[in-house]
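In what follows, structures are represented as structure tokens.
Both complexes below contain chain A, partnered by chain B and then by chain C.
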Partner chain A sequence: MKFTLKIWRQENAKAQGRFETYQLDNISADCSFLEMLDILNEKLVNDNISLPVDTITFDHDCREGICGMCSLYINGRPHGPEQGTTVCQLHMRRFNDGDTITIEPWRAKAFPVIKDLMVDRNAFDKIIQAGGFVSVSTGGVPDANAIPVRKEDADLAMDAAACIGCGACVAACKNASAMLFVSAKVSQFALLPQGKIEAKERVQAMVAKMDELGFGNCTNTYACEAECPKNISVENIARMNREFFFSKLTLAKRESNGGGVG
Partner chain B sequence: MSKSVIMLSSLTKKFLMAFAGLFLVMFLPVHLGINLFILPLTENHVEIFKEAVHFMTTNPLIKVMEIVLFSALFLHMIFGVILWFENRQARPVGYKVSQKSKVYSPASRFMIHTGIMVLLFLVLHFVNFYFVKLGLTSAPAGLNTPADNHDFYNMALNLFSQPLYSILYVVLICGLGVHLHHAFQSAFQSLGLNHPIYTPVIKGVGLVYSIVITAGFISIPIFFMLQ
Partner chain C sequence: MTQLNSKIPQGPLAEKWTSYKTHQKLVNPANKRKLDIIVVGTGLAGAAAAASFGEMGFNVKVLCISDSPRRAHSIAAQGGINAAKNYPNDGDSVYRLFYDTIKGGDYRAREANVYRLAEVANSIIDQCVAQGVPFAREYSGYLDNRSFGGAQVSRTFYARGQTGQQLLLGAYSALSKEIGRGHVELFHRREMLDVVIIDGRARGVIARNLVTGELERYAAHAVVLATGGYGNVYFLSTNAMNSNGSAAWRAHRKGAMFANPAFVQIHPTCIPVHGDYQSKLTLMSESLRNDGRIWVPKKKEDAEKIRKGQLKPTQLGEEDRDYYLERRYPAFGNLVPRDVASRAAKERCDAGFGVGTTGLAVYLDFADAIKRLGKHVIEARYGNLFQMYEKIVDDNPYEMPMMIYPAVHYTMGGLWVDYELQTTIPGLFAAGEANFSDHGANRLGASALMQGLADGYFVLPYTIQNYLGDQISVARFKTTAPEFDEAEKNIRGQIDRLMGINGKRSVDSFHRQLGHIMWDMVGMGRNAEGLKKAVTAIQELRKEFWKDVKVTGKKDNVNNELEKALRLMDFLELGELMARDALHREESCGGHFREEHQTQDGEAKRNDDDFKYVGVWEYKGENQEPTMHVEPLNYEFIEVKTRNYKE
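The block that comes next holds the complex of A and B.
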């Protein structure tokens, strides 16, 4: 297959970026999108006799749709045209021969471009560090019925935990809001007994961090849900809202008397 | 505007926005119910209309509600602008290619625009009616001389006899309709109410509500234009 690629090139966070056009021929329809970029980069290396060669930088790691590193905004959609799929799982057969494909990085104030198509998503890690964990060891795998959990809650928690933190929700949102990501992380804990204990503090801390990092506000457009490669539901956002208001109303700041015995 | 207002959590801002919005949503059918009696629905529609206006302008409870209503409106507008402004800042560099408008709720993309249309409408509405009542502006002139500054019936007739006013009225109310279509279900989501069974119902009710309100209000100028 033959493609014309319009790719965003930017030296570093400060530099002025621009689109460069590349022609690519002889691409197999079974080639994945990232492999196609690998081929382009190899071509750039081979064609450029003079050094240093400036290959196109893009994020990727597992290439099997589970790590959340790949992050390309393809023809106006995060992770490209296929529903519920990361870029690494997208194949060139989804495009037509001769297509022009525009590839951009995620665009958000909280996700500054590092180089070309790679953006800095540390903001997500900071949100997780603010509260996206359970602070005590929950031990090994408990006996099947030691901690009763409703089947439905277990399923919902699992669905929320499917979030790979790629940032497609932020990229898709017209307000660059991180609500879908944060709500998935809040939900996966809030739904389960081990996570419930710290639920109130968690939601407050994570939301405060999200605001602080300069993500936009949710306007319930639901572009995030439509573009999420893991089909995370906006029901999580409503759950986070509930958790947040409930914790606001009930969280009493008491003087701590220190730890318990032992 | 104090700094503390901006420092409120994004979720709190959305909550207040939704709460105030839902209050405004409750007010519209009441207003529409009265307005419809401008149309010759019954023999004595003029009397009913005037009586309703009298009730609404004199009842002390309504006076209190009026204050609440204006506060809700003010809150809704202020937070609307703050949120819109913050959201613009969250993406300093935009995309070159964007297919979003095809896929997602177009109404939600134009909330600030339709909101401004509603504001324009309110300004017009205040100048022509509310401020007249307060004696701040003079009643709209026309064939029917209003008996006093509460005679909204004749004032409305004068206004709707101007096609330009009627067209503007229809256009702005359509803006309100689009606004409501997104706002209704969105408010519930912001308040944390999303449920596999009830949310589709809320969406359905929201759609019917926005259509009824829009159709109801624009039926009045359209009736006069067709005459």
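The block that comes next holds the complex of A and C.
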């Protein structure tokens, strides 16, 4: 197969970016999208054998759709044209021979570009650090079966926990909102007895951190759900909103003692 | 010569760990605040250890190669985690989990370590449930279990096909909690390039900031390496692209000995290789062997027709199929351990019965299970795996049997550690896949997650205190010490040298070539002739690399080519050591199959008289022959037998 690639190149966070055009030929339909970029990079090295050249930087790691590292905005869609798929699981057979493909990084205020197609998603870690956990220390916990969980609740919690933290929801949203990501974590714990104890503090702390980091608001376009490679449902956003308002009304003041959520 | 002291506690097997904990040194809370620990790596072992150290009150610095700890390759583990809870009431016990693991490892692991692993496994499940890990449950609300290879009980806990993800996110959330509380400091997009040794003890590391290219210095009272395995030496493996052996290898060059480097696990159920451009191989979870049946055509003509696309597997009747695992190993059938299943697949394909366009594939067939249980049950159990298969292969596994072939998956070998998980460099610890400690010559399914979390949550938090107990009066280290200067200068030199070669070949072209050498000669079947050839071929390739590699980009910016070149220069040395270790071990055991040492029916032939030991290698300098030391394995509590999965 043959492709024309328009790829965003940007030397570093401060530099001005631009699109560069590249031609690729003889690409197998079974080749994955990232393997296609590998081929392009190797070609850049080989073709410019005596010129100073820099390969195209993009984040990637497991290449089996679970680490959440890959983050390409392809032809105007996070992770490209295939529903429920990360870029690393996207194959060239999903494109037509001769296609022009535009590749950009995630674009959001909270995800600044580091270089080319690589962005900084550290903001997601900071949201989790604000409360995306159960405050249990290692050791001193009861037997696993002493905490029974309704199968339906466990399954729903698992649906939410399947989030890979890639940031496609933010990239898809016109407001660059992180609501789907945050609500998935809030929901996982709100649905489980282990997480209920700190549920009120958790949702408040995580939402506050999300706002502080410059993510936008949710205006219910559901673009996040449509583009999520793990099909995380917007029902989680509804659940988080419920948790948020309920906790706002009922939250007792807690003295900050260095422990607990927030 | 360095004496290897495994520091196994005295006393009966079941009491060793308790006895150790009772007598070890502790550090009181006020002193913990004065002590610094560096943890390199944020997979299950690293994240769990760092979180636990933080909770205990130590000052912890964590280096993470990715943009977030949640990306670590532990996340890709699919099937599950073992523990001897015996919830299904099917006869499991700590002893049985220990026994299965030792036997699964083909009697090449240390008894005391494996027993401790089995002993703390139950606590891991308790811990993860308390963290909110959404394990699969029954309608009763209690935890569900399934079976894995090498066991006759159901002891594997799982979270759909994403158990590694959920356990890692559990450890990541515990780590995040400690970062939020200020006990742990996280440095992301950092790659460790050297251990700094002061007065014979590990006191820090040098890391490259992968965004700015700066070399950074970190000092501490102790250093923990939880940097994973070295499977990517084969270029193609199920490991993530960033997984590499450099942290362990660079520690080895500084004096940490390397144990059993030849012990590599080749996983039987992976999606077969499909082209030269391929960058990695994808695993299909071992749990699929619970319900899938493995077969090839009984007749060579049929196999040939299938390869040419003239016949579909579904057109072959039962009488024309060879369910070779069920035939050869009636007692364990499709659930034999990984090394056995991989070799059996290779044997059938080498004999001309393989399928797929290349002839290097066998079938994993769910037709019977779908008939017996219904499609919805199979979908609930393995839905995401089937979906992944379909995306990659473009074939529907509900209708057509899956095609699978073995691929490099895990490295049992690693840095030699004693019972305390301390390497031969005092103050340098190794945990998880980075050490060699628990899996012998073959790891059982669902045991890697168990070991990573055991090391991180329940072993290191104790044993590191025994080391730090007499370090409380040692003041914080400054990174201005000459040892830091020296280490940094060396790395700067390596980087300048790599970038100055300006040769004609890409980094990947060398890596691919190394991968071919390793797979062909240090892969599933090994022999003396091939291994000798491999040693020479790798030495030559290494020379070629240093003459002709082209590393593009800048050193003070993000530079993937430089990152890959730095890792490859280490793989080019490690690969040779693997071949040497494989060559010296004149026996077949676990994943190490020497073609000269097999029984008449093709089973591995172990040599306990001469090789019942851990091969421990000492680095002697660049292009020098390494020296091998021996840690004898004494089995006091179990009888060493020939592994038998037939009856």
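Assume the second predicted complex is superposed on the first by the 241 of 262 C-alpha atoms of A that agree within 3 Å, B and C clash if a C-alpha of one lies under 4 Å from a C-alpha of the other, contacts with A are read in each partner's own complex, and residues count from 1 in each chain.
We adopt the following convention: a contact is a pair of C-beta atoms (placed from the backbone, for glycine too) under 8 Å apart; a residue touches a chain by one contact, two chains touch by 3 or more.
Just so it is clear, the structure is predicted and the values come from calculations on it, not from any experiment.
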Q. Touching A:167 in the superposition: chain B (first), chain C (second), both, neither?
A. neither
Q.
Which partner chains sit in contact with A:19 here, chain B, chain C, both or neither? Use first/second/both/neither.
A. first
Q: Give one of first, second, both or neither to describe whether A:216 is in contact with chain B, with chain C, with both, or with none.
A: first
Q) A:229 contacts which: chain B (first), chain C (second), both, neither? A) neither
Q) Which of the two partners, first being chain B and second being chain C, lies in contact with A:238: first, second, both, or neither? A) first
Q: Could you tell me if A:125 is touching chain B, chain C, both of them or neither one (first, second, both, neither)?
A: second
(Q) Going by the contact definition given at the top, which residues of chain A touch chain B in one complex and chain C in the other? (A) none
Q) Can you list the residues on chain A that touch chain C in the complex? A) 11-12, 28, 30-32, 34-35, 38-39, 42, 44-46, 48-49, 52-55, 57, 59-69, 82, 85, 89, 91, 93, 114-115, 118, 120-122, 124-125, 128-139, 141-145, 147-151, 154-155, 157-158, 161-162, 164-165, 188-189, 192, 194-195, 258-259
Q. Once bound in the complex, which stretches of chain A touch chain B?
A. 6, 19, 73, 75-77, 102, 104, 107-110, 172, 174-177, 207-208, 210-211, 214-223, 226, 234-235, 237-245, 248
Q: Write out the stretch or stretches of chain C touching chain A in their complex.
A: 48, 51-52, 55, 66-73, 75-76, 85, 87, 123, 125-132, 134-143, 159-160, 162, 164-166, 169, 172-174, 176-177, 179-181, 186, 188, 211, 240-242, 274-275, 277-280, 282-283, 388, 391-392, 394, 457-458, 461, 504, 506, 508-509, 550, 552-554, 557-561
Q: Under the touch definition given earlier, write down the residues of chain B that touch chain A in their complex.
A: 9-15, 83, 86-87, 89-100, 103-105, 108-109, 111, 182, 185-186, 189-194, 196
